[in-house]
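Presented sequentially are two complexes of chain A, the first with chain B as partner and the second with chain C.
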Partner chain A sequence: MRTESRRRILAIAHHEMRAATRSGVLHALLGILIVATAGSVVIASAVYASRLADYQAYRAAAVAGGVTRIAPSPLAPLSLLRGAFEYIEIIGSVIAITLGYLAVSRERANKTLPLLLSRPVSAVELAAGSFIGALGVIATLAAASATVAVLSVGLIGHDWLNLTQVGKLFLAFIAAIVYMATFYSLGAYTAASSKAAANGLMVALGIWLIVVLLLPQIGDTLDADNQIPGGLFAALGLGHDGEVQILQHFATYETVRTSIEAASFAKHFERFAFAMTDVKERYRSLSFPDLLLQVRASIIWILIYAVTLPALMIRAFRKQPSIPQGANQ
Partner chain B sequence: MDGPAIEMRGLGHSYNGSPVLHNIDLTIERGEVFGFLGHNGAGKTTTVNILTTLITPTHGTALVNGYDVITDRRRVNAHIGYLPSEVRMYPHMTARENLTFFAELSGVESPNRAVAETLEYLDCSELADLRVGSFSTGMRQRIGIAQAIVHRPSVLFLDEPTAGLDPAGIRQLRRTILDLNADLGMTVFMNTHQLSEVSKVCTTIGVLNHGELIYKDSMEATMRRFPDEMSLEDIYVRMGGVPA
Partner chain C sequence: MIDTIASQQLLSMRRQRVFVVAMGLFVAMTAAAGALGWSSHQTIVRVYEQAVKLLAAQGQPAPPNPFLLKPELSLLSNMVVYIPLLGALLALLIGHMAISDDGPAGRLVFSRSVSRGDYALGKILGAGIALGLIMLTALAISLFSLVVVNHAVPGLAVLGRLVVFYGLSWLYVMVFALIGMGAALLSRRRSFSLLAALGVWLGFTFAIPQFTSGLRPTESLNPIIDPVGISQRFFEVTALARPISIAEQYKAASGQVLAIVPVESASSTLSHTLPIAVAAALLVAAVIALVRRHDFSRSSYED
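Right, the complex of A and B next:
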């Protein structure tokens, strides 16, 4: 990339970050997300500390009683982050859409788009700069959440994460950044494609409703295992193999159900994040390469969305009129 | 650089099939202060929008500093400054932050220095660290001009620059335009309704009527050509710019 172009993109990125940090709406939304994620991790850590103390007490008693084969701890400290990732999935995506909408509506409301485009700035540079700036805001948010999570697990849960767990957590937060950046692109794309940016925001929130809430909810509701608390197959005393064997009799039903879930970008993010943070028990014993192999479909879907939406955003920025057509002759 | 500052050949534009500019042929030499007169809806802003590359003409060509506004957009933009009719800028940012941002976009080597020099040149350094959102129309106009010249363009486009200004603001703007032209050698292209300003500032005028250029000549020649008229306004009426 040429130096001048890079300088312009960085200037726009800095501009975007500054606007985000000075927006009252974003402050409020970010505050809600930080309180919700930190709160969920802190509370889960406190509960974890109590369970860990119980386990250690049983372990000590077993050792004192001469038991030599002691089961390892069933506790998974990373799973304490389940709530945090659920909040990122729901609230984080709304914040990202709002950021994308504001990037477009700010220029329109301030009537600064003509000033920008009368400079040697291309629409692609404008889109790239805005995206990078938003990425900076989102990454800062993710880093803050990750730090709170690690410290909460260690200080409150009394169980410090090992290097592998930190690596998995890192990947989960990278996915969170990609997830929110994709929703940012959606917000910017719909706003830039609409004559009135607010209409674009409504469209983006409508898509969010379907992708983040409705589709995963439909998929979960139709899941046979979710029909009774604790899981149908667990209640029947069936393991994963038994579950697979039974579901083979409902192949068409399962195909429809999983297709509904597969249409949801949020579900893929959730599957990946939950796999990385040991929320699903069946992933806990897998080696790191096997874990990635298990969630490869979600990784591919996340990447498809993460490439498509920014591309659509750039296209919308290129087509966006610099001034309202025929507004003033 | 040789050649005229602005050159239009057969320039035309339509909005949704309705023509608003008809085959404009116009040349503006370097160092001129050109006043573009015309009634509301005559096509003045459309002309400026084409010359600043904000819209693409339906037909014809336009060159700024020898660069084509359609095929060489970036080079055109690197050489021009633009002040729209309604200056808003970013209200959450200070004047200095606004100007620095626009200087960076224009590829200025030392944006901070350029901003400080520009503010000093326009005698408005006291506004530097105030948020633009708190500015009056006149203050916004001064910072608007600062953003238009912070990168020292060779051609400056001003669209109705006196709109909303009080008499003191208009006088200050007039002095600024003359200084920019004299000190920095900028060619100025100014859309305006203010005939009094045109006669005091411009070296050349053009009159646009319903999208057609009906007159273009130097200010001096214009005054000679209409010796019986009391003012430029009377001349404008005789040309057909407005009903008598």
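Right, the complex of A and C next:
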């Protein structure tokens, strides 16, 4: 029975992958993501190459001059991928929602859902099969993005990643796959929960707008130092110590502000991906276990969302009617 | 006949729950922008008070008043972000629904004495009125926020700036309403047209600013843009395409109108507005042309 169930799930997953690769709209959105991501890494790599050449010229001159204490390179090749992860955060999530929506709307429009449910296929198997199929599409997309990224940094930026950096990049892309799979579940859940799937799509896009764009922006806007162009504390002539002393009086305010940011699933993905790709300087000197310890809260939040949304999706699939419900279903 | 189609359009939108929710979200975000402005004001006051105490304890003079560094209308700087995000998406939805809600029934309209040009103009007028009402609501909320935060009624100059800002915002969101209409006329599938329009919005809001000005996607969420210098050869070339980056043009023009960035000449503000106006005019012509050649008898807007 277990083998039978696995076979059914894999058959649905295979169908999901084939159907997704045939969708014109998905091709269009993927095209935007790939062009934007590749463009972002290529542009950053070109700038990086010129900075790296400057540093190497300085180093050569210092060595020739007999200087023994040479400043280490301030450049971090992995940070060139910042734009790529921001695109995954914004456009990748829309693609995932679209995949989830199409998984439901396609079966409804073709009237194949009641047919599927008339077979010995449970709602859980249907949801699991669709999810695994989508995971295959998302993983392929992430692998393609990672390959373009590594090659751009090496060929254009003239700096090949070492094994540790590849390991960190691998984890960042695993997080990207989990992130997009969660949005896939959101798209499938809202579409399956709505009478008209298009309304479900609009609801999912509304949630995406709030979670991905508005909540992080609000959290950033409320930062005390961001109240004035150039920084409030700098305008008041206060250094880092003064800023720390004053912020002690804003404990509640800071808790509210960070809670708003914490409510955004996208922000947690961003924090994790940026920590893994050396975007934030404070993380660059940390050992790998210390790095994971620093971002443990984001890892926990990502896992909570990644478990909750697929569970909701399964619940919505269970409630799907097994008989045709009219033209808009 | 144009006004009949426009009023039918408005009535139809009022009955759409998704539209009402989206509009409620936009109004809520306008109110949130005001609340954030108020919070910003309070934060500056409190930080300033603490800074005065701290510096006095160290025997140093009081710091300069930070409000002298804060532009009067900076309270609304978040609106410069929310309109290209939420406002443009809402407009996309309005444009999309204006065409796709008629669906196959659209052909019935032409059994009456309605020309295709009148139909297109009626739809555009309906969307324009709906978005105009939304912008008027946002203007009223912004005025209220200013009165609450500043404890004073804004002067005529400020009022003028607000009216121009929301007028500019209306023009900007109209571009996306027209994109929503165009996409719905180009595709027979409702979901495809909505997602295609969304793809165009993503391109204009995030991808093109990166190409022309090196702005990363999250930098595009900032009200004040800081384009990369054009000394780098790549951007030396791509900066020539900045006029088509209408999201950047909108932010630059809005920053000038609200005086939240160093104010340049009026002609500079106009030069930022012109690409948006040209885009809107071209899209109006495109929508009329698309309505003229669209086969409404073959329309099938189901999922």
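Following the convention adopted for this analysis, the second predicted complex is superposed on the first by the 300 of 329 C-alpha atoms of A that agree within 3 Å, B and C clash if a C-alpha of one lies under 4 Å from a C-alpha of the other, contacts with A are read in each partner's own complex, and residues count from 1 in each chain.
Assume contacts are C-beta pairs under 8 Å (C-beta built on N, C-alpha and C of every residue); 3 or more make two chains touch, one makes a residue touch a chain.
Since the structure is predicted, the reported quantities are computational estimates derived from the model, not experimental observations.
Shared-chain residue A:L232: touches chain C; no touch with chain B. Judged by the touch definition given at the top, the superposed model places A:L286 against neither chain B nor chain C. Contact with neither chain B nor chain C is seen for A:A62 once the two complexes are overlaid on the shared chain. Of the two partners chain B and chain C, more residues of chain A are touched by C. In the superposition on chain A, A:K111 makes contact with chain B only, not with chain C.
With both structures placed on the common chain, the touch criterion links A:L52 to neither chain B nor chain C. In the superposition on chain A, A:R18 contacts chain B only, with no contact to chain C.
In the superposition on chain A, A:L222 makes contact with chain C only, while chain B stays out of contact range. In the superposition on the C-alpha atoms of chain A, the part of chain A touched by chain B in one complex and by chain C in the other spans residues 328.
Contacts from chain B toward chain A in the complex involve residues 15-16, 20, 40-46, 49, 52-55, 74-75, 77-78, 80, 82, 84-86, 88-93, 97, 101-102, 104-107, 147.
Interface of chain A with chain C (complex): residues 24-25, 28-29, 32, 35-36, 39-40, 43, 46-47, 50, 82-83, 86-87, 89-91, 94, 98, 101-102, 105, 108-109, 196-199, 201-203, 205-206, 209, 213-214, 216-218, 220-222, 224, 227-230, 232-233, 235-238, 242, 245-246, 249-250, 253, 270, 327-328. Looking at the complex, you find that chain C touches chain A at residues 17-18, 21-22, 25, 29, 32, 36, 39-40, 43-44, 46-48, 50-51, 54-55, 63-64, 66, 69-70, 78, 81-82, 85-86, 89, 93, 190-192, 194-196, 198-199, 202-203, 206-207, 210-211, 214, 216-218, 221, 224, 232, 234, 302-303. Contacts from chain A toward chain B in the complex involve residues 4, 7-8, 11-12, 15, 18-19, 22-23, 106, 110-112, 114-122, 321-323, 325-326, 328-329.
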